[in-house]
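Would you mind keeping the following structure in view while I ask a few things?
We call the chains A, B, C and D, going by the order they appear; numbering starts again at 1 in every chain.
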Amino acid sequence: MLTEGQVVVHESLGDEEQRLRRLVLKGPIARTAHAGQFVAIQVQDSSISSFDPLLRRPISIAGISSERDEITLLYRIQGRGTEILARAKCGERLSVMGPLGKGFSLPEKGELWLVAGGIGIFPLYPLAQSALAQGLTVRLFWGGENKSFLESAGLSSWKALGIPLHLSTLDGSLGQTGLVTEQAQELLKKSSASGGQIRAATCGPKKMMQAATELFKNYKVSVEVSLEERMGCAVGACLGCVCTLVDEAGVLIHRKVCQDGPVFRGEEVVWNESC
Amino acid sequence: MLTEGQVVVHESLGDEEQRLRRLVLKGPIARTAHAGQFVAIQVQDSSISSFDPLLRRPISIAGISSERDEITLLYRIQGRGTEILARAKCGERLSVMGPLGKGFSLPEKGELWLVAGGIGIFPLYPLAQSALAQGLTVRLFWGGENKSFLESAGLSSWKALGIPLHLSTLDGSLGQTGLVTEQAQELLKKSSASGGQIRAATCGPKKMMQAATELFKNYKVSVEVSLEERMGCAVGACLGCVCTLVDEAGVLIHRKVCQDGPVFRGEEVVWNESC
Amino acid sequence: MSPVNLSTQFAGIKLRNPILTCSGTYGFGEEYVAYCPLEALGGITLKGITPLPRLGNPVPRLAETPAGLLNAVGLENPGLEEFLKSYLPKVRKLPTAAIANISGFSLEDYVLLARALQKDSGLAALEVNISCPNVKHGGMHFGTDPQSAQEVIAAVKAVTDLPVIAKLSPNVTDIVGMARAVQLGGADALSLINTLLGMHIDINQQRPVLANTFGGLSGPAIRPVAVRMVWQVFQAVDLPIIGMGGITTWQDAVEFMLAGATAVSIGTGNFVNPLVPLEILQGIQDYCEKRGLASVHDLVGLAHRA
Amino acid sequence: MSPVNLSTQFAGIKLRNPILTCSGTYGFGEEYVAYCPLEALGGITLKGITPLPRLGNPVPRLAETPAGLLNAVGLENPGLEEFLKSYLPKVRKLPTAAIANISGFSLEDYVLLARALQKDSGLAALEVNISCPNVKHGGMHFGTDPQSAQEVIAAVKAVTDLPVIAKLSPNVTDIVGMARAVQLGGADALSLINTLLGMHIDINQQRPVLANTFGGLSGPAIRPVAVRMVWQVFQAVDLPIIGMGGITTWQDAVEFMLAGATAVSIGTGNFVNPLVPLEILQGIQDYCEKRGLASVHDLVGLAHRA
């Protein structure tokens, strides 16, 4: 769906130094969106065309309110495109394609473990909401740079969900010091729940997702990962965004992150840096 | 001088359908600017670079307030560049080069006749102000599309100067029907003042300026014209903006509109379309 | 006023209107269905295929540049067999004309592909992408050597009854010479232009952004080069031209037609806005109406008269 | 930390720093004085001169394109005699190195110009612009034919004691072949790249915007092509390269140096913002400092190591 989303909220998220933004867009995308899907947003006012920057930016859907026809995007100002996006004012209309791709799946019952690294947290919030609505038990493992980051990136909303939170920071300013996967591992060791009762979903840096995937594999927990890749068309037409999977026969195959993903089963992903 | 001018006023000028804008910039350019000079303005917020559109836009200085360190630019939204410029909000900083080029000259005494076609009126206002301040007699011949245009483009400010105004419109909705040069011709015929006592300055469409130049030549009135040409550097370095003049010896020579002009003596301009 | 005739016919190809989409940017026709009504298009050009399946290059395959896009997909495609089995049946059902795009690394590759694609395949034409290295001749590109280009086109022409469109590379000293060569080879039409060879370096990582180092530059940045080549070839060679390279607005499309393009094709522009083809169609129609032109074809080459 | 060594030396040319300005975009050095302190620049390249004065092409000479600029100035210049009389004395007094740029329409033109410009003229080097038609050889450009390019450079080299920089045209199939040719001719360094040939049509007037129909495309749009050519030539040819083509930010300049440029030159970027050269210098310096590089020269070709 190609729509003009109207900016209804566009604000700094937490500490300004984190360069995070919250953008709420009004439009019909909310009606069909699922957690894990994304949009491709034009990073400039759609009324006057400029071709620099040229491409849309893929941003995960971080909040879905179908009653109010609103989706929330949370993003970090990273480069020129997001910097220009950050200028959009309330009332402006931005051209948005979406919802795109295939989101996370939810088990019928049991426990859902969410493992987030940094801003990988964003697409996991609507997933937690859906899971809770469906009666699943949810817990979150979330690692970030430091306290300021975690608080800026939405810690309080997670607290409001009333689920167990396992936090870690690199500098120890909040939660445990270290990597988020270490905490998951500890709990897995102690946990009575067998692999079959747990499902996991992870989003964050590639290395972190790879480590999480290996960890869960050892405990026979199936895990979904959300990949990132540079995108051209965002609809599966250009083959710009492929990732490499290994199929059941052990053969390497390509899948499109934009159309077949961004969510894939962790076990099938080939994590080599660039193929 | 390269400065960041702060937008202090940016508003629609008159009828919205005329697509005219008034932009007042605060900065040191006012201190040294003269009527007929121009600026080269970046048509986007200078804080984030985008290279489409790439070039600055030349705009005449239409108002100079050295006490308040303000210059006024009046422009018509013509293409994409000016359309983007029109989005600049109060408080924003725009990168401006100027004052550029050589402006109009003023006689010591006598009469100054101003002949304007359309938005060619804009650079003539500060010229009228300077001339009046110096005690010259000033009259204006101004032709435009219709009444709405003339009123939008500043007629009331001209009335406030208390000088004779000879207006004409193509559709007769204000002043005489027809071309501005016809009115000047009529008055020249009747006028007792000899050519030597009158000086003229004209700005507007090329054809109009050419006609005015020929007319004044017949009456031995010397006239200055303000040329337009596409610009690259705006400082005389790229040779993108040349016009053809004929020197005393009758030889065709090139001059740079940006540096040697935009104001030239009408008699020396070669009016052929493109050389 | 009677409506503008939008239909276009050239080289045995009949199109509802002169708006196509470029090979490699529009998949096999189904990907954009939710974003742009295919029945409104003159036609689409399919992703380039090769005899055998190809995984293409590693990622990153894309890099954004000022008003441009670098891509190094590396001709990823399912291969001829899978194309015929899984894709062609769906392509035949598309509500618009479909042009196949074929690539090869030897003369034999092209012949093999062309032989398999005939009129009865339901395709409207065959576009031959010659911007590929000829591995049997030391990697010299077919698309930069007039002799090889002529041979490839002649070989393709000999084995298919479909109209043959030669798609030229802009990375040459003499585009007119290339156009003349493929005309001698028997090309029925020309596609101008493929991408310009470029690259981008990540200054933080101090290495090329694209895994393949080099990529093809497309998008508005290259439009002035594309228009120039269409103009030059239109003047020198009597073959219909499909113009492409940076078309993103209806004004761009009109520019290509005035320069000499009989049809236009939109590639990277779809990524910017998938409704670009529709907006272009409307814009061209309005432009013709305002100027009292009975047919969109009247635009072709008009700027040469000035 | 000790400050980064910015000075650069190559092909007998000594520069305060590796930031130059491009021929044709910086006049004869005086035009930008009020906008950019020349003493901060490594050097400037002067507007191209020819033996006789030239009025150049009619206007319009410029057209803006997406992230690019088309120009068709047509080598307007005062001619050699006037250059020597009225311009050179001022150029000698400029507080930075000056490189002359010479153009011709025959071998003799180049020789005539080169003979008149020697070390005692106070110039730092001679840049030979070979992107001109050779009128004696049917208009074939010197810059697109390796043989002619080699001859021109050899002829120039034979008559001047100044370092000779060959400025290559990107409108060729094989830039490496051209670089090799001018190296055989004796070039001391290379300038890469001149403009890409392009055009733009005014769809209202239905004719080319530029009076000359064609023009040279410069600016950020062409940067990916320029970087690619610098990269290819750096790999294949052992001559110092002055990189140019779309440099507008310090990141662009670093990109060219990582690709293999020993110095960089800013053209169209000056029009966007005349302080670009200074900002680039500062940016390069900071970049080197952060990475602990002692000399800006350490950047040259670094991305090839990856």
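Keep in mind that, in the parts below, a residue touches a chain if its C-beta (ideal position, glycine included) is under 8 Å from a C-beta of that chain, and two chains touch if they have at least 3 such contacts.
Every value quoted in this text rests on a predicted model; they were computed, and no experiment measured them.
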{"item": "Any chain that touches chain C and chain A", "value": "B, D"}
{"item": "Higher-contact pair (C-beta pairs counted), B-D versus B-C", "value": "B-D"}
{"item": "From chain A, the most remote chain by mean C-alpha position", "value": "B"}
{"item": "Centre distance in Å when chain B and chain D are each reduced to the mean of their C-alpha atoms", "value": "36"}
{"item": "Interchain centroid distance [CA atoms averaged], chain A/chain D, Å", "value": "47"}
{"item": "Averaged-CA centre spacing for the pair chain B and chain A, given as whole angstrom", "value": "55"}
{"item": "Shared interface positions of chain A, touching two or more other chains", "value": "49, 51-53"}
{"item": "Where chain D touches two or more other chains at once, by residue number", "value": "65-68, 219-221"}
{"item": "Touch-based graph of the chains, sorted into line, ring, star, complete or other", "value": "complete"}
{"item": "In the complex, chain C residues that touch chain D", "value": "65-68, 70, 144, 171-174, 196-201, 203, 205-208, 213-215, 217, 219-225, 227-228, 231, 246, 251, 254-255, 258-259, 287, 302-303, 305-306"}
{"item": "Residues on chain A engaged by chain D in the complex (per definition of touch)", "value": "51-52"}
{"item": "Interfacial residue positions of chain A with respect to chain C in the complex", "value": "1-2, 42, 49, 51-56, 81, 95, 97, 229-243, 252, 254, 259, 274-275"}
{"item": "Chain B contact footprint on chain D (complex, rising order)", "value": "24-27, 31-32, 34-35, 47, 55-56, 58-69, 71, 73, 76, 211, 219-221, 248-249, 268, 270-275"}
{"item": "Residues of chain C that touch chain B when the two form their complex", "value": "66-67, 220"}
